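Below are two complexes that have chain A in common, paired first with chain B and then with chain C.
Right after this comes the complex of A and B.
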């Protein structure tokens, strides 16, 4: 079977990153292959049966706005959906869905198998085919050769994977599945630096053996919520989650057997995620807390298996069973799948460019958990970007990068390639300094044009985005131009809402700023055809109007700040700069800058160990160099990106 | 799990024979722990979507898989019905008649409820059930989860040790230990299994699943004798435009003649397939889309290529009705496969490969019967020498039914030492109507 097939882009791994990468490339019109260890294990959710949440939901929404698949796929497969943080500001509002795992897989596989220009192939990669530091394709372990102009690695946790429980371990990428044993060596041969991480998953129990009476019901939201901008989800009956807590007794059990935890015994050598810690780690790190929340989540509509979020562990199975029995509501819960840890190689992300390209090999890209992240959303976001860029490379075009003020995806990738990772990286809203601008409600406005220019968003879809924005502008203008005066009806309504009467006339927009006044309330205060028109606006537009009204001031300030920073952000650093010759910056900064060789001041400022003071020195130095260059040329204006202070 | 509350019977391997065994045992009132290395792969037919039905079973009723024996045939077992003594260490119980129709429907609930169609092959007119393996797996797992006497559990069993006190110790890769009375090994070709693809060999009982290497060693160390067996698995093609559009296949310039054998009567899914019990309205599934249903089998009987093409032509059996996957017979040469896949929109998704594993040594002619290979340790299905889906199914089902009797005889005898003697005896047959199998459970 020593045959050779040729494609433009090949993606390795059919997890969340791989699926997005393959779909993006194929939809951009390049011949794409997706190589997977098993064509029957596509888009698995090996851990939490959920998509979205705070920070992550924004990623999924952005993926959808750009023309990726995760949002739409989740909308088909969810058994529960809800908007989080509705009582808090719009910057932290996010969708979260519980997914039926099997349906999620089914839908993704159908989509992959019906996308023109895409072929899904079963096989294991034995090595990369690289010559003159450029990727030529892959060699499969069974002898087949695959030629390609660019390759996206999305191997997840499979690189030299080992599952670990207590002191026991066996080679696997996931429980019951063989790992990828050959690719790591090939990567190392070409100078790709690898690290070792571990990630764990909690036990699953039989839902019929749970005592729900003592737990708090966590239902989904009514209405027709969905991630996708383009399709309405079909109605369905939502399944609830249940909330319980660990107790001191549970912690005692953990503490009693902590010596058997792989964290303690060292049988796990990789670093684990701090923000999705195992119950072992929680007990170690938070000895004063006497309860941790445990969410009991359904794994699907037609299974009784329930996922125990909060009880992630790789303690021995008999200890897991004791922990479960000691937890309120789970006293009689039957263990169906034990929790376990998986240890795996990851690609050190500082070796990647902002386009997620592997620096030491041209045409090679990398996305997903294999880059040291955790989570399906983080993986899918990288997959989409790496897939686009692999396709752009194959087409001979410039890569796409997203800025930190443009998208959470931009924050994610910039964090990875600039700061690196000590533990599996998870997205939070706090990581995004511009989160007020990067909201669930404005993802399409920010990103759909980009998706359209790539060919992932159709004219019709973009048309809809523009139409909604136009509607929003009209509505905003109307609110700005409609004046409200104090009067019996208006004042009565205002007082009944708990806010003050109108002492002078104000615009409707100003009144909407009051947190007690909802859009519907406002419409009641307006008279004439304007009110009717406003009342007929679609819900999405109403949400965005309300956000705009309430946060406009903050948003404008943030935009101005971004404008000021942009100048520094994009100020480029000369390629030949010798950091060691700089005076006034710390030794550590010199060292880090020399190693990382950032291309802009913005990137330099985000390197751990480089302080704002160091950046100032660097900035002055660059200005001096530029100034001396221009004084050497005749009559030239100042060149380079000097700060302009203009808001964008 | 708590030793005191755990079932005393463990079935290792939730493939075709393991699931049948567990369901039959549950029906006989025996509580069973059914273990698989990965619970997402429960109940799937191993090598291809074709379930060749036995002509003696009778007509397949339209609209449901209600298989009834044809009135003129006497009740008969599906396989051979002799009892064999092959060697002193391997004894087989006598067969007892079971209603084949009811066994099929009850033992393989996934088939009864899965999306499938059937065709009749022209050669001998025997009915062929073509199943969507994914939905067979999903339906079987759901059925097992809802069976109160079956406990599903994910574990990789690494050793099974028959002990002198009549119990059997089961150990897992994660260090779990359980003492039981009976272990049923339904591990297919997993014992020391190897997958061979092209120039590559790697461990596995099926492509993509771990092998039961340590279990194999533990059995061999206790004196169990094995022989090697190799099964060839055909390639899987995929057709992007969906299973229905075969015109692309016909128009690729290499294929000169192909015949579509329409299904005989459509099998609509059992209502329970789409309903949820108490779960209300389910999220949408790609299986609901009627466009995605596949036709029957396709025969490519003229090919313009130097690839070997036997007089029977090449059969394509629909393997995944929503994904447009097609399964080829393993005997098809690679060059032929490539020719067919060169049609626009077609490609080779899974390569042709073989699986080599270890099955019980001994007289092959009786290989389908479940056997006790060590005290308290039984083996069924392919691992016991069964050939093909129905034989595997039958052997698992048969043992599951017999476990009821084994348990009774164990319970009746008080001292432990006589338990193993009781176990060694073949079960007694009272007049057996084959009842309880429940045709349409």
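Right after this comes the complex of A and C.
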């Protein structure tokens, strides 16, 4: 690294957020560096060895559709994959993969080092270099100065990180790793507000010492499932997981040593996630439950370590051993890595813009767990967006934001910046009001156009998406125009499926709406070349035709609602608006709006304490500002004899 | 099918202009001091079309025909049922020369608040949206009708209107109503948590969704919402009076019946300015229910609506009414004119009043005794309050015996009362001629003169006006149109969820409907769904991996 180099984007931290940010920026063609405490610790999975799940899997698909890396990398590294919620409809189906952790790290490292325009630098960031409220670069603890037009902070749990096991506690970003102690102070100095969260991970045991016969086998799905829309994953032998349960004896052990739990001793003070309670917490909160599930998951193909999903704890290590040995199937299990809790600083996300920019420092972005989220998928999604926005900032272009009706990523970031967090944020599908539109199956169709415009999706990839859409349309048109008339064969088939005969002719599309009729059944009722063509359609197109048939009315309703809210959602609020000068807005709303500085009226409407009346008044003012600007522009343009275009 | 394309979700943003208003809004605006005329005002791209759908010209001059901005005379008609809502003047004002710079339709209603509301509701059902407070002014501003200098005052107006609307709704919501809605919504959020937990935490060890149990639970909640909607009807009834028509052939005793009913009650004076255009007798209170009498003028003038205004007018009145009292004279056998009276009358909203029981065969002796008793009582104490109390306390035993079993749910076939049976027998040909099963008609036998059967009639009036739903008149009620619409929306979504549960729709669509049901109620109470939902999931289920 030459002393004089100025990077366009410097990313701090090489976890899931940092890797996506660095790759996105470099692929957009700007000069990028990735600074990490250790080049041996890239894309670690410090907690569960899995990517995806309900809600999270959709995020990974969206990252992939935008040209990010997580989906592809998981496909290279998984040892098991399955589709979840198959008993429910397509909107809530999602992939979940068990990854070989080491393979995941290695593949990501290979990708980083083979990406042109991306440098990897090992070092601890001591402070930010900021002047006139604008980021200029970084100072490393070893004295080096890194100059940058923009910085993406993806520090995970490292800011003032502190590890807790039983009564033992020490400064660390993860077990055995140095924390970033200096950076928090630097952020506070520039007015960045910080909060404190905690998170914990369960113990790992030696797979050679567990009794698989006493547990329930949890295999993956056969077939060629994969996250990435662009590459088929290579076929492989999958590794199973196992399911066991805690017993009353386990709960007794926990209860006996509860006094030593950091929950009781108070050695962990930050808030932890409710959806991931420790076994200590479960025993306290659900005394009536006589058992809790424990999933035993492989951490990789080249290690015997098994992850004990459901046994998260930071009780002292000897208690962890007692708990494990009281669990059916784990009686003789040897502990490899104890569970622990980590407490860390996070950046209060209401201080961020929708582009994930830190409001008080121009050019500074933040992404991932440091923004108060949890999960590899949530982190990677933010990393991708922050990396793109840092690059766009360096290029002097408009930022990229996604709407709530467009992507889970849009929901995630909008929730963070408008509502903030009171526990580490995890994605649930129930957070998305337009869940039926934000599906696993249509991620590429929703987002690859945007990925392409950023230069992250190639022409060839976009062409494929267009071709798929065209095929889907052709098939849908065919179903709409094919009329089915009652006849012996059709009626017999319909009745055998438990639905009524055709009393009058219906289109194939209408018949497919009947929940009892599958696409395959439908094809049997159609005659001639159409049937043949339809029967030859690829499986994903068939699935999407079924989605349309099933969700039609509901999707119409969601689209109508989106249309209704569009005027508010898309009206941007000028950066320099002075809320305190506005009349007709409550004091509370003025205060909230001044603090949060929403980018659109839609965001303003979601801030607690801002009423619909406040939004109405705000809309009037914005219109006034716009109108006065337009009349000035038009005046000027008219003088020059040029027609004014649409304001950007 | 086309527009359900998944991709269109991503494409939606770019099509419409940023500030453009696509919707047609409608509101009731009754200028202060104008009296009974209420104006239903509509603005937006669909105003002209909706206006011509609902307006039926009396003179052949369609809305918007001829000279611009001309008021046209005719009727506002519900296009789906062809029911006449009111006699109106209507005008179409074409954009941009209007207050909002959009197409505006004004419907000037003459039939009082109930008719205005009928017009308003019909337009909403046909696709207009109730305007937000100050929205006409807002549109006027956004469309450049009001210049920039006026912006401050526009903001103030919007603010003030919102504030007063807010105050009003807070007032309505204080106390029991809010508690009820909050409680119902909490049940919906609880049900939703069960469905959503199964979706978002399907990897956990949760029990499968019990769809039958859920259906049962949701049906109960739907019942509670229906009760809430009934209070809305009652709230409106109490606010504006139940539109009541007293119909019948000449000289059957319509006004004497009215007078007899009123004798025991106190006529109330409307204190709401602009709600009545006629005299105070328009609004009477019977059994605690204000009745808005239709065509009272006719009744007062000659005792004889049919004679003066013709049978046609009478029919129109009965079609519009929430309550119809069809009066027949028991002292003489029904004639051919009587059979005309019931044409087009809805038996569920009607009471057949068999009047002049005292003169009817077999009723005479009984009636004479009663008349003597009453005359004595009234001589003793002339104040109407006393008269009412005493009438209740001292109803002669035989008169009480002849009172009719009020429990209509059990059907009137079981009724033991011989007087009533006689009345039914004599009216049988008439009732059969209506084409409706005679058992569906509620028949009450009364004597306006002696007061016999009036108590029973009064209770039946109450039953029809309020409904037999155990609604406590002291309970707080849904009052505003917005609240009612939201509760309506909630119920519709919940019914759809129930159908979905019964027909094996996937969980996420059940969730979609329950979400909508909960969100609609939350918009009344100002509660946000997702945080409550997530709290509820964690409260109910042990989730943790």
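Worth pointing out:
One rule holds for everything that comes next: the second predicted complex is superposed on the first by the 566 of 648 C-alpha atoms of A that agree within 3 Å, B and C clash if a C-alpha of one lies under 4 Å from a C-alpha of the other, contacts with A are read in each partner's own complex, and residues count from 1 in each chain.
Going forward, contacts are C-beta pairs under 8 Å (C-beta built on N, C-alpha and C of every residue); 3 or more make two chains touch, one makes a residue touch a chain.
These numbers were taken from a predicted model, which means no experiment stands behind them.
Of the two partner chains, chain B is the only one touched by A:165; chain C is not.
Applying the stated contact rule after C-alpha superposition, one finds that A:32 touches neither chain B nor chain C. Of the two partner chains, chain C is the only one touched by A:617; chain B is not.
Contacts of A:198 after superposition: neither chain B nor chain C is touched. Using the contact criterion defined above for the overlaid structures, shared-chain residue A:92 touches chain C, although it does not reach chain B.
Once the two complexes are overlaid on the shared chain, A:556 sits against chain C while remaining clear of chain B. Using the contact criterion defined above for the overlaid structures, shared-chain residue A:437 touches chain C, although it does not reach chain B. When the two structures are aligned on the shared chain, A:292 is found in touch with chain C, with no touch to chain B.
Residue by residue along chain A, chain B and chain C are tallied for touches, and C comes out ahead. In the superposed pair of complexes, A:301 makes contact with chain B only, with no contact to chain C. The touching residues of chain B, when paired with chain A in their complex, are 1-2, 36-41, 134, 138, 141-142, 145-146, 151-156, 172-176, 197-200, 202-204, 207-210, 236, 238, 240-242, 276, 279-287, 292, 322-325, 334, 338, 345, 347-352.
Listing the residues of chain A that touch chain C in their complex gives 48, 53-55, 84-85, 88-89, 91-92, 96, 245, 274-278, 281-282, 285-286, 289, 292-293, 295, 309-310, 312, 403, 405-406, 428-431, 433-439, 441-442, 445-447, 449, 469, 473, 476, 479-480, 509, 515, 544, 547-548, 550-552, 554-556, 558-559, 562-564, 566-567, 569-571, 582-584, 608, 611-613, 616-617, 619-621, 623-624, 627-628. Within the complex formed with chain A, the residues of chain C that make contact are 1-10, 12-13, 16, 18-23, 132-134, 138, 141-142, 144, 148, 151-152, 154-156, 158-159, 162-163, 166, 196, 198-205, 503-509, 511-512, 515, 528, 530, 533-534, 537-538, 542-545. Looking at the complex, you find that chain A touches chain B at residues 1-3, 37-41, 44, 76-79, 100, 102-103, 106-107, 109-110, 113-116, 118-124, 126, 140-144, 165-168, 170, 172, 174-178, 206, 234-237, 239, 301-305, 316-318, 321, 334-338, 340.
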